[in-house]
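Structures follow.
In the two complexes that follow, chain A is the common piece, with chain B as its partner first and chain C second.
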Partner chain A sequence: MTEQSVTLHPEMALHARPAAKFVQAAKRFDARITVEKDGKVANAISPISLMGIDAGKGSTVIIRAEGADEVIAVETLMKILVDGPG
Partner chain B sequence: MSIIIYSPITGKLVPIESVSDPVFSEKMLGDGVAILPEEGVVLAPASGTISALPASGHAFGMILAPGVELLVHVGIDTVDMNGEGFTLLAAKDQQIETGQRMIEFSIDAIKAAGKDTISPVVLIGAEINVLAKDYVEAGEPLFEIIGVEL
Partner chain C sequence: MIRLNGLPVSEGIGIGPSQSDNVVTPAGNLPFVLSLSKDERAAPKSEILSDSSVAGFQEPTLDASSEQLRFDKALAMAVEQVTGMLNVAVDEEQKDILDAHLSMIEDPELAEDVARRISVGDSAQTAVEGAVEAIAVMFESLQDEYLRARASDIRDIKDRLVRNLAGVQREIIPGCIYIVEELFPSTVPSLAGVAGVVSEKGGGTSHAAILIRASGIPAVFGIENITQLAASGTSMIVDGFSGDVFVDPDQETLENYKHRMTESTDTAREAIMSLLNGENLLIKANISSVDESADIARLGADGIGVVRTEFLFDGRDTEPTEDEQFEAYSSIVKNAVGLPVVIRTLDAGSDKPLAFVPIPVEPNPALGLRGLRVSLAQPKLFKTQLRAILRAAQFGPVTIMYPMVTNPDELTKAAALMDEARSELQARDIQPGKVLIGAMIEVPSAALRAAEIAQLVDYMSIGTNDLTQYTLATDRINNSVAALYIETNPAVLELIRLTNEAGKAKGIQVGVCGEMASKPAALIELIKLGIREISVSVPFIEKIKSLVR
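The block that comes next holds the complex of A and B.
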């Protein structure tokens, strides 16, 4: 398993549009990926569960991935959260 | 029996493709319909558990079945209003019944904030068949979900 704590870009929050982008990226990997905030865990390919952990602007989350491509998955998804809406 | 989603909002129906935000118009999450609200009330579109409901009250989501999710978004970019003009009548993880009052909002407040009031109702993870035409009252059938049984 690969995991990484990430602080979201100050203008990035996991509401509808960013969550949709995040899910589209997460779906490209075979690894099972989750995002955790304050003990609440979301499935990275479920937009509603991502919106449900209330990851607001600049908050810190943990991305975890389990599977053959877990390292690149975590790196790619981390970048989306850190770079923010572009 | 197929799952029917009931309209959360009263207003004119608009094609989802005409919504100004590409996340909706390009169906990045899924297919759906958009409603131009005439009343500032949002009713539960289905029975189940609220899976996402931010404190800002501008949207909420339900997971209807594994991989089948529903998002109701009141206005566009209304997350920026930080809850101003929105009153929450339900909470995350709450069990709700179809037709239950979930959110009250001020159409004027959304307009005053310079936002579009058009409100997408989006189904993620399955196809829909739209049942309503032109205009819908909150609580009337909006669309049915194809190929998913409860």
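The block that comes next holds the complex of A and C.
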């Protein structure tokens, strides 16, 4: 398993549109991926559960992935959160 | 007359008879469909009425597998409905919101929870209501204010699924004032043609508010009990400037508002007519599907200014074949019955990834690999599209237009690939149709070098949405800077002027596509600059035509 703690870009939050984009990216990987914040764990391919962990602007989350492409998955998804909205 | 005041959400004045939303009641209660028509009330189309406990009060025995099947169908229908809206959405923000909405409908955890509830004996409707309501309540408990407001987006999904299960769709009458307890985001695309919207709940930053503003329909939110105060068919006025809502207005108020409405239209028409001074303004259509091309001739459009070919590519695992594309393009060209058709080649980017086009995740998609840049990087994909268009061009006048041109040399590269595409067709004994070549001018560098570009093409189309965004360095869907996004900013107007002058000097046609052209005040500015061709989305054609003749 690969895991990485990430602090979201100050303008980035897991809101509806960013969550949809995050899910789109997560679906490209085979690994099972979760995102955790303050003990709440979301399935990375479920936009509703991602919004449900209440990750507002600049909050810190942990991305975990398990599967063949876990390293690249965590790296790619982390970048989305750190870089923030385009 | 009752005068009420709420939150003005979308500017404009609407006058018309009220239409109350028909409601699908929660499962378990006596199912009853409230709607406008008496016939429907007598014989509701609802399936739940026929199989429910109205007659006998005994719990119907539910077969879990058939309930699951009903849910699966309702879900597939919802996906299809929202995908359909996405395909015809023109506004980027509208697309983004619908995209997010679609991704929530397709959420695997929602489907799992519904399936679990059905497996323990719930009906499909009860299961959907239970699962979605649990999520909505969870959202309302969140700290983040924005996320709390998404409870409405979640209930939107419930509304859609329950309607699909019951077979009761919204029927919205054009010209009415649509009154509803809560306006859901995904209802907005079906509101085309209504005179105004009044809702009881909802804030100015809700997705529904953003979408209704983009649609240009006057709207006021936060009018408590409006669905009770105004029975369907009551005369109403919605003032989206002040937030005033009048139920059953007196003659004087009505006359006042009618006067204000005609005055603003008349002023715009007078200004446009005097600027044109007898010259013609060509009004073409922007389309994003084959279906939309069917109405072009009937609406009196002067042609199709942009075919957004992304509709053939989005949401697929494999690229569309040459024949498949040829079918679509030739249908469009035939539907245009001899009117000119401008087909824009694929405008993809990393913000809208395609499974078969490898574009890496980019920190800044607006400045990344997109538009013509993608096509030049993917010559095989590009030439397939070019061949399909060249074949369709035998059915009518076609211009092939490239999006996101930045430098003239890109057009030289595209021309070389075009030659290859022609030869490839000839090698198959297919005679390519004659086409004109067009360039989208939507990057400031292209506008500044429009004179050079005009040497290489037969047509230029100014894409004002991106041109404004790039010139002013403003992402209009970023709330913190959206106020800077002004299409009539002198810098943007100057680039439009330069482009138009360059086209004129070379003797080629220059058009403007982009939302700017469908706003009367901005259109006046374009006509002042000498623009004589615009292309607007289909719903705006009649409105704009009424301003120029």
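Here are a few things to note about the model shown:
Throughout what follows, the second predicted complex is superposed on the first by the 86 of 86 C-alpha atoms of A that agree within 3 Å, B and C clash if a C-alpha of one lies under 4 Å from a C-alpha of the other, contacts with A are read in each partner's own complex, and residues count from 1 in each chain.
Methods note: a residue touches a chain if its C-beta (ideal position, glycine included) is under 8 Å from a C-beta of that chain, and two chains touch if they have at least 3 such contacts.
Computed from a predicted structure; not experimentally measured.
Of the two partner chains placed around the shared chain by superposition, neither chain B nor chain C is touched by A:D38.
In the superposed three-chain model, the partner touching more residues of chain A is C, compared with the other of chain B and chain C.
Of the two partner chains placed around the shared chain by superposition, chain C is the only one that A:D83 touches, whereas chain B remains out of contact.
Contacts of A:D30 after superposition: neither chain B nor chain C is touched. Taken together, the two complexes place residues 13, 15-17, 20-21, 23-24, 46-49, 51-52, 54 of chain A in contact with chain B and also with chain C.
Of all residues in chain B, only 21, 23, 28-29, 51-55, 59, 61-63, 67, 69-71, 73, 79, 92, 124 touch chain A in the complex they form.
Chain A makes touch with chain B in their complex at residues 13, 15-17, 20-21, 23-24, 46-49, 51-52, 54. Taken in their complex, chain C has these residues touching chain A: 96-97, 99-104, 107-110, 135, 138-139, 142-144, 146-147, 150, 153-154, 207, 351, 353, 361, 363-366, 475, 478, 480. On the side of chain A, the complex with chain C involves touching residues 11, 13, 15-17, 19-21, 23-25, 43, 45-49, 51-52, 54-56, 76, 79-80, 83, 85-86.
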